[in-house]
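My structure is below; once you've seen it, I'll send some questions.
Chain nomenclature is as follows: A, B, C, D, E and F, assigned in order of appearance, with residue numbering initiated at 1 for each chain independently.
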Amino acid sequence: MTTRADGRADDELRPITFTRGFTSHPAGSVLVEFGGTRVLCTASVTEGVPRWRRGSGLGWLTAEYAMLPSSTHERSSRESVRGKIGGRTHEISRLVGRSLRACIDLAALGENTIAVDCDVLQADGGTRTASVTGAYVALADAVTWLRAAGQLRDPQPLSCAIAAVSVGVVDGRVRLDLPYEEDSRAEVDMNVVATDAGTLVEVQGTGEGATFARATLDKLLDMAEIGTGALFEAQRQALALPYPGDLPDAR
Amino acid sequence: MTTRADGRADDELRPITFTRGFTSHPAGSVLVEFGGTRVLCTASVTEGVPRWRRGSGLGWLTAEYAMLPSSTHERSSRESVRGKIGGRTHEISRLVGRSLRACIDLAALGENTIAVDCDVLQADGGTRTASVTGAYVALADAVTWLRAAGQLRDPQPLSCAIAAVSVGVVDGRVRLDLPYEEDSRAEVDMNVVATDAGTLVEVQGTGEGATFARATLDKLLDMAEIGTGALFEAQRQALALPYPGDLPDAR
Amino acid sequence: MTTRADGRADDELRPITFTRGFTSHPAGSVLVEFGGTRVLCTASVTEGVPRWRRGSGLGWLTAEYAMLPSSTHERSSRESVRGKIGGRTHEISRLVGRSLRACIDLAALGENTIAVDCDVLQADGGTRTASVTGAYVALADAVTWLRAAGQLRDPQPLSCAIAAVSVGVVDGRVRLDLPYEEDSRAEVDMNVVATDAGTLVEVQGTGEGATFARATLDKLLDMAEIGTGALFEAQRQALALPYPGDLPDAR
Amino acid sequence: MTTRADGRADDELRPITFTRGFTSHPAGSVLVEFGGTRVLCTASVTEGVPRWRRGSGLGWLTAEYAMLPSSTHERSSRESVRGKIGGRTHEISRLVGRSLRACIDLAALGENTIAVDCDVLQADGGTRTASVTGAYVALADAVTWLRAAGQLRDPQPLSCAIAAVSVGVVDGRVRLDLPYEEDSRAEVDMNVVATDAGTLVEVQGTGEGATFARATLDKLLDMAEIGTGALFEAQRQALALPYPGDLPDAR
Amino acid sequence: MTTRADGRADDELRPITFTRGFTSHPAGSVLVEFGGTRVLCTASVTEGVPRWRRGSGLGWLTAEYAMLPSSTHERSSRESVRGKIGGRTHEISRLVGRSLRACIDLAALGENTIAVDCDVLQADGGTRTASVTGAYVALADAVTWLRAAGQLRDPQPLSCAIAAVSVGVVDGRVRLDLPYEEDSRAEVDMNVVATDAGTLVEVQGTGEGATFARATLDKLLDMAEIGTGALFEAQRQALALPYPGDLPDAR
Amino acid sequence: MTTRADGRADDELRPITFTRGFTSHPAGSVLVEFGGTRVLCTASVTEGVPRWRRGSGLGWLTAEYAMLPSSTHERSSRESVRGKIGGRTHEISRLVGRSLRACIDLAALGENTIAVDCDVLQADGGTRTASVTGAYVALADAVTWLRAAGQLRDPQPLSCAIAAVSVGVVDGRVRLDLPYEEDSRAEVDMNVVATDAGTLVEVQGTGEGATFARATLDKLLDMAEIGTGALFEAQRQALALPYPGDLPDAR
């Protein structure tokens, strides 16, 4: 029987940890680890909204994803030095923002913006799904902070939790939460963003130099559901602890 | 009963046309129309491959997508003038390239590159799916050109046809091939890239400020299959005509 | 006797066509063809004026020229991808804007801007002169649209028509409207922008690795006059047809 | 009778001076003054040619024009800080390069490049014509330097002298060498680049918010001929003095 | 008596920690903490050297410094998104590189480059001095890695240790290792880079809206010596532990 | 005994000259020469202050430093053409701005900005110190202009003079005001910015591939004091002459 290099079962996640309050300046700051993949996810509250949204009375949530040059197996070049952001970076930043906007009532913020940053400290596959999953926890902390500060019009602006997981076909088998070693040789690769209400937010499946049958897609979605279920449980446990730091006093 | 503004049934494509040989310099040049959406798709053969692929003996296929400033309802700004390519542009360029690489044996090209350009002349929803669908026809013409020029190591490097279609939930109904008017208010929006061998290449589904049930995803995929089936037939008819222009003589 | 490769007489234009309403979103949209050179010229009305002109009560007209990567004999690189606009592109954008501003009373627009875009779909010499000539027709349509919308302070803001043509010395002969094949080996190359009132707007003559006598300049100007005369006639015929599309109702 | 603000006759140049050897590192370095317009023109010899010219055995001449931020009446912004070169800068850089390439046999350089820089220290109208005129003198010095260094295949690669002058219609009168005060309100503005062999290199005439008759163009060209005649004489006198600095010894 | 907000004596460092092996891909990876300032310092070995150094037989060491957007009290904008690196970032990157090059014999590397990255996870004053100090430890680990891999021509290429500390005048008192709260209101601010051989590498002192006497400079240098002494001891203790991870086998 | 290549004593400056009114548009314009190093320093008055300072009632002083491409021994590339400003340029621009802000009461300007430009016409070592020293003279002239124009709230906003000089260890000897030939092989290089009140503004000392003892630093500071003393005297003599040009009439 084919076993995975790290000894996991096909439907098993890597060890998942959330370290809340990893840094202290942002309202929410979480180091998320999916095995060797480690992403610092923060949620900072900033005044005002983008120009196109001014006067609407609504808030906004934006996200930026980036990898540290030293996070990859071979050091990668720094996008600020190149002066250009690559397509992959853009793509993931947009994915994180869309995913989180699915769970928050932006009207509750007034004309303020939550800026989510996902900075990859160490990459070992699944950085985008770890980013979404960790960013939700940072967002939940930022909401707690805003509530304490008396800056929310609706005290419960989050309608559900959001988590994401990668699934793929590797060595002809459907597997959950691919590390780099599997991801780089997967025949099919899919990222699923879901809510703990049982619905989907994003499904992105890609054949890598191959194509896949609809039946495979179904199996991948089944597998993803197992993974997001476990992630929601891990998020709940992490958020059951008190806010890591001092909360502001509302005035 | 809710009917669509343009009078179509829910599972009906807009009028689809392919004008091959729309311009004469590239080896493949196709104006594709999905109703009011019009995209000029070209496939140009260029010598050499990107640096990271040199010495491999393999060819490459790259794609760039862009919108003319005048193509949108309100004139949009020109990316070359802003000096930056936006995230959406990057995302679609990458999608077109990945989709077409799924059907071509790059070893057949030797160390040469096919550069696909999808330039939107008029946008009315579905520009990315029209781009993939039209680009496949341009690619087929470029392959014919390369074969005539004696530059292919394998005379049949295309293993299948590729087409893409958008589907979505609008007014609570699952609908095919959304125009801008529907796309801008869709609750769920999905783009499916498929092969005429019955397999999938890419599935990208997104809740737009909403989430969706797995059952909805299934209905969307069913609907997409109807759409890509009709597109493959339209591609076949278009490609049944001779190459539009003079073919080179092989030496 | 030396004859031209395409069989034309030295003082004969290539076939000239204007397709008004080529796309439907801009107020003016014209596909102009000078033989194999095809340029999509649009005129879009946008609110407001550049910062330096605010508060003047005057409108503005700006122009941008660009070539599709697939428009040239050998595919050229995309300026948005390079992140820089080349000098030639800048030069022609400025020429088109200056030329059109010579015929329009900007006070009639109030503080609004007409944005002219000239996007070359296929290049075969004379793209800048085709751009100016086609853009005038798009501008005339945009003026008709603005008049119908009741947005003009003066109902006839155009004081004359504008057209442009290239002339040059090729094979020792003065010739009109050079295609790429002649342009690339011309000894002298001149672009003339004129009005149908018999005056000149711009004269740009350049020796290409050669210099030229004043007598040659005179012959080139005579030849250009023949060309612009024919272009004004073609513009008049094209504009004699009704506005291609629905006009707004003034309120 | 209308007289000019600076007391000159209509056909009179401003005081013209050439200071050769103004700086000492480049092979040719000339401060040219057309009245209050002062431009530092240098010609530096660099090894190699641009990529597209390699292997041709031919040299190249390139030119860059720029204005110091403090050179204008109101301080202008620095293009390196903005990160973009403006259209006007590009246009003039290209004009200077084309003009000088008309007088030099590039084969004589072997595969080496002469880089001409025209940096405006103080602007008072006519910076582009002063740049061309001064750059010719710097080029002549660089040729002397190359000859001394034994790096020329043909000891006399310059076939003629090059000078440029602006002419225009101001207050209804045809005038030579316009300062800023006249240039900013000229009805017609023309720049003429000529050779001392009596031929023309470039003619660029523009109506500024106006158009002009062919007869006006003829008068402007007559006036320009007077101006370039005087400039060639000034260049000859400047170059009659010995090379300003130490010449290399040929090996 | 004036005491510091964090209770330290004037000549006392904040708690200093080095976490070696903080991430696992680079040859050296150290999280350095100077109180609340936390910087991830990595040293990656890459093949080859910059173009200007090729063929010299010598290696190179380069450094890049950056702050995560969420690292500052108020979220700062991302330099890759702005498309430009700020002057402060450039300045510190250059300082780190110069400082480390003072202690390493680049000939020992052959034509290979050590790329040092200092990414600030949390900023609370002294990020540049923490970067230099932590980067030395990462560099020492990278040297250990290279030695094990048999890639060093000289097994001991490091001639000394390097550390840096900030000193300043705050509230009229000379103080060591300023946190943000002191740094932002310091009258004089100085950064000193030193070697454990008792010599100086860099001294950068600046009056912030004030000037300072030479006697003050002397006191600041005395204070810095106390600080760097303690830092060298902390580095020695950290490096006394074995290399954190698997070392390569030399071949 | 080792003597310097240009015959100077170790503690002797190169010939220093200030040409006030070198150009006529800026309020202050000074060509400063430190031997072969020639920098055009200008101070222009512009309305308004940067965004972050608006509403403060305070003025601002900003500085930009740049080198002409032809100013260096080998022609360097133009930063505007590269589209990026290098780290060294940023570093020096910031140094000049900080240095001059140490001597001026910005409240006296109201919400206006003095823009200082230091453009190097010829580089022979010490361009940054010449820039600071010359820029002070340009600033003093701009202050005279502002006073005459009645735009100063306090007629004497300059509290002291500012000058800068380079010192270094070359051939084992401490030397003043290094030309390029010495600078490029100096073991230690230091730049000192001082006031004529006897205090220091900036001290930047760097070992170049070497380190230095504290005793050496002391000798370098002694040497710098000799240099700045002579520079203050030269500035005083230059400023003893009347303002070079017409002063505005206060209204």
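The rule is short, and it goes like this: a residue touches a chain if its C-beta (ideal position, glycine included) is under 8 Å from a C-beta of that chain, and two chains touch if they have at least 3 such contacts.
It should be emphasised that the depicted structure is a prediction, and the values quoted were computed from it without experimental measurement.
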Via touching chains, subunit B connects to subunit E in a minimum step count of 2
Label-sorted list of chains bordering both subunit D and subunit F is none
Chain centres computed over CA atoms; the one at greatest distance from subunit C is chain E
Per the C-alpha centroid definition, the whole-Å distance linking subunit D and subunit E comes out as 50
Subunit A and subunit B have mean C-alpha positions lying a whole-number Å distance apart equal to 29
Touching two or more other chains in subunit A are residues 83-84
Ordered round the ring starting at subunit A and going to subunit B, the chains are A, B, C, D, F, E
Listed in rising order, subunit D residues that touch subunit C in their complex are 84, 86-88, 90-91, 93-94, 98, 101-102, 160, 190, 195, 197-207, 209-214, 217, 221
Residue set of subunit D touching subunit F in the complex reads 23-26, 29, 36, 38, 40, 42, 44, 46, 64, 66, 68-75, 78-81, 83-85, 89, 115, 117, 119, 121-123
